[in-house]
Amino acid sequence: METINQIFDFLTDPANYEGPMGIPTRFYEHFLMSFQSLALGTLIALPVGLYIGHRRRFEFLAISVGNLGRALPSFGIVALVYVFAYDLPGDIGFWPTFIALTLLAIPPIMLNTFVGIKEVDRDTIEAARGMGMTGREILQRIEVPLAAPLILGGIRTAAVQVVATATLGAFTGWGGLGAYIRDGFAVRNFGIVGAGAVMVALFAMTTELLFAGVQRVVSPRLSSQRPRWKGFRSPIGPEGDVVYESAGSGR
Amino acid sequence: MIVAQVEGAPFIQWSWVADRTDVVLAKLLEHVQLTVIAVVIGLIISFPLALWAYRHKKVYPPITVFTGLLYTIPSLALFALLVPYTGLSLETALIGLVSYTLLILVRNIVAGLDGVPADTKEAALGLGFTKRQLLWRVELPLALPVILAGIRVATVTTIGLVTVAAFIGKGGLGYFILLGFDRLFPTALLLGSVLSMAFAVVVDGLLVWTERLVTPWSRSRKLVTT
Amino acid sequence: MSDVAISLRHVSKRFSQNGGPAAVGDLTLDMRRGETVVLVGPSGCGKTTTMKMINRLVEPSSGTIEVDGTDILKQNPVELRRHIGYVIQSIGLLPHRTVRDNMATVPKLVGWKEGRVEQRIDELVEIFELDRELLERYPAELSGGQRQRVGVARALAVDPPVMLMDEPFGAVDPIVRERLQDQFLHIQEELRKTIVFVTHDIDEAIKMADRIAILNKGGVVEQYAPPEEILREPANNFVKQFVGVERGLKRLALTNVSEIEVEEGPVVTSGTSSEDALKEMERFDFHWTAVVDEGELKGWVDVPSVKRVRTVSEVEPRPFSAYVTEQSTLREALDSIVTSRTHVAVVAIEGQRYKGILTLERISREILS
Amino acid sequence: MRSFRSSAHGAILIALTLVLAACGSGVGDDDGDSGSDGNGGGEPIASQMILGGPPECPERPFCLPGLEETYGLEFESFQPLDVGGPQTVNALRNGRIDIGLLFSTSSAIVANDFVVLEDDQGLQQAENITPVVREEVLDDTIQSSLDAVSAALTTDNITELNGRVEIDGEDPGDVAADFIESEGIAPDGSGSGDLTVGAVAFAENQIVAEMYAQVLEEAGYSVDRQIDLRSREILYPAIESGEVDIAPEYVGTLVLFLDPEAEGGSDPEAIRSELEPLLQEDGIALLESSEANDTNAFAVTQETADEFGISSLSDLADPAE
């Protein structure tokens, strides 16, 4: 499998670790872009999800955004945003990639937050109201903590999707780890493509494990969800994924 | 100034779309074909894997780690890495797409089987079901809702990923997205994205409908009181 | 020995390999055909494990178990289970099948023809007095009591000679449980199955059992006898403590009025003169007497009301506030003795034909014998 | 438990601050020295310029390596973009890059009045558009049909066709059809069987590929199109493996692609004699070349040209005043 040797050579060649095209720079670019877009996506989606879940109004909005978000091809979003935003100032491809990734991050977070809050047991809320808690206190002290595992699940799904889709950003002229895939593919050097793929996969895997850890720390006693599988909890993939249709909880 | 977008021209050039309805149809067909085959093969592979993992718990972690690893490889890279071996062919696209469905399908099948209440299984065994009968007549039917949910997520994800295969010429509706992207031509881009999204929503609805149809018992109708 | 339906010889079950305590040590037990044997005892006494060994849901570690004379280890376990009814507390109806399909499960497994299956389902609906409209429903739509009856019916679908029941009525509320128990006793009288019934409730055991096996930790049989015998002579402290207080009352609940002879009590007819009536009351040292015409119980009159008249007929006899029939239990008789002003339980068949009376002494004499 | 719950809120707050900081930097690090500052005295002009071009440029003899060897130019950095398409044109127009690689026949040059720096030391080769066909499928009908197309193609008419696609947004297929009709190109002879025409995803290559496909369809072949491929590095192996049968090629870049030490030069015949044996090894035939010549052109905006007073590639080596 000479591709594997090529990958190994590329990753071990010190020359690839310097300069603007070097691995550290592009890794940092990829991290920064992913973190920024995820953070902005969370900032937008979380409050909306909390509001809809708490107030139980515009529920249809959260559900359709969630489901449509899953249906939208991420490549489509990146291309669409590029066509309209390529002329914005800043590095080439920065804004198109950033906006596209933020849009991608919103649906899973909003849907999971909404479902997480909505599925908090009504009696607990009644009891809290009975004790004289205000709406805000209920949200803060009871709803958010109980919904935390599902919310984190949503952020986790969004994070992995953002990290993976950031590779497509390279085609808009932006950098990131996707640049190795783009450049390798263009000159048919599959060692570089493989190296790019391995790095992105590792990045996505660590993101997944990081969030899985946080989720497990937050959720052992809080989550009313039955643990999906005794013993080994698979850390990868859309764990926090919520398949939800308005008719009833599809979970 | 968007190079390909002449001032004054309507945002979406319907005429452009109207001229090539045959191409649109062909690409939609390719998209459907790729999605269906990928999910079906995904099921054929993940079903035995899930059963094996369900029966032998210790096998589950390695399977999920392996399928998880496949899941995190960016789709474009996976397609590109397959090109030297299987060329710019349907096989390349399919291998890539199938490998993405495995994690979701295996996990949901196992979760579905794991969700079957122990006492129902015990009662069935007590009545005289063999292990095989237990699996096909009790465990799988009861696991069906969760399995179908897995198929839904896998299908919708696959529909999205097919578009990326446009980079190796087998992208279904992704052809229009790539064309629109290369030429900064919104009409083609919107056509590709909206159509594949609509296709995903329709398939999603269809699968929800089949889930209802296939599991009449899961909705408890009015409780009969004596 | 031929009438032994199930025999357990030195049966043991050890779950942990590394020499932990055996769930069931060395159990030997015989159960006669058509007999309801109840295994009762504290949790961890191996009652459920023992029961599950009979249909090999739990494989015995050692010893032999024979059902209808054949060693179960020689039979194919699946085949074995198809001919042993099996009911558990959570019932385990197949949620994805209608009530009809649930009941038809075993008949179809053993390959009955469609017609025979349908005919059997009609019989079961008859026996268990199920509402036909339920047949097309799903288990989730039934009440606890209904689900329970369907569960037992399903277990009896192929009319198995032996039935295993693990706390079958545990999951329903007391009132429904009472009704289910009575109904089941009624059906058992008809069907005369050999039943192994597991419960932790001693009262249920006393009510349902022909014989009770009181088990201690590790499947040790502390006593294996009919309920009356266990109540009357608990074999040891464990049994005494397990059966608990009110043993006497529990025994009373077991014997019917018809099983003991009734005492004579003061009886007059409407035509009796007041003096004779007074003499009759004096004879028994009672301050009242029953009025019976041609065996028809009219009521009772007391000394003061008789004194004022010449014949009993001029006095309006007062009805007995409580009376017992031959089917009532001694416990019910005791209850009416204590609650009625006459301090006596009048025994009348179908509430009219006077038989006699039962006094407190008579009943306590019965207990002490 | 208390600490974890507050940490969940804390995480969100941290995210908020980071985003704000990053947004600033996102825009901030637009150090795009759009070439107008011109302060570096003594430094060669090129060292202050960002070159934009297809991702394969750093590997291609006629691109970065060529500029270094032939003209001794070192650029500040290279920005990977598309193959002489809208990305490169827009990056040049809004100053993200200072010098961009376009095709000489690209209509964007005239449309944006870019200045093509003269290739005074003849780095670029003759790039006559020439069909290459797998020998296995080649027959007289295909030969004569494609030759007819090559005969009709000229640098001027292909540039005009490019404009209709790149500027007016027409479809390569429609433009090719008009051209075949107006030039009266017709296949002589007929054939049957399946053929696949390939092309790299830029306007001119797709237009010419459509011409080949439509003429062959008229001759009776059923033609499949793979005209979205990302680069020659993907297209050429596809021809070798038989997934693509026919593709429009550029003799100069092709010969260097197959043998980086090849002579090349500006005489098409010389290049063809070098190229044919190389293609023979891969079982590929080189048909008649067309007169249309589409070389790589390094273009700058008019302002950049005036500001640095440059008109040829070698001017870039001079120190900026």
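Each chain carries a letter (A, B, C and D) given by its place in the written order, and its residues are counted from 1.
The rule we apply is simple: contacts are C-beta pairs under 8 Å (C-beta built on N, C-alpha and C of every residue); 3 or more make two chains touch, one makes a residue touch a chain.
Since the model is a prediction, treat every value here as computed from it, not as a measurement.
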For chain C, the least number of touch steps when starting out from chain A: 2
Both-way neighbours, i.e. chains that touch chain D and touch chain A: B
Dominant chain pairing [most C-beta pairs in contact]: A-B
Chain occupying the most central position, where position means C-alpha average: B
Remotest chain, chain B as reference, centres from CA atoms: C
Chain centre separation (chain B, chain D; CA means) in Å: 36
Euclidean distance of C-alpha centroids - chain A vs chain B, Å: 19
Approximate Å spacing (C-alpha centroids) for the pair chain B, chain C: 58
Inter-centroid spacing, chain D versus chain C (mean Cα positions, whole Å): 94
Multi-partner residues of chain B (each touching 2 or more other chains): 2, 83-84, 166-167, 178, 184-185
Two or more partner chains touched - positions in chain A: 86, 185, 188
All touching chain pairs, where touch follows the definition stated at the start: A-B, A-D, B-C, B-D
Parts of chain C lying in touch with chain B, wherever the complex brings them together: 55, 57, 78-79, 81-82, 86, 88, 90-97, 105-106, 109-110, 131, 133-134, 137-143, 145-146, 151, 154-155, 164
Chain A residues touching chain D - in the complex, by the definition given at the top: 20, 32, 35-36, 38-40, 42-43, 46, 86-87, 89-92, 94-95, 98, 144-145, 148, 151-152, 170, 172-173, 179, 182-183, 185-188, 217-218, 221-222
Chain B residues touching chain D - in the complex, by the definition given at the top: 1-6, 9, 13, 16, 19-20, 83-84, 87-89, 166-167, 169, 175, 178-179, 182-185
Chain B - residues contacting chain C, complex: 117, 119-130, 133, 138, 141-142, 215-217, 220-226
Chain B partner contacts - residues on chain D that touch it in the complex: 82, 85-86, 89-90, 93, 108, 165-169, 171, 174, 201-203, 226, 228-230, 234, 237-238, 241, 243
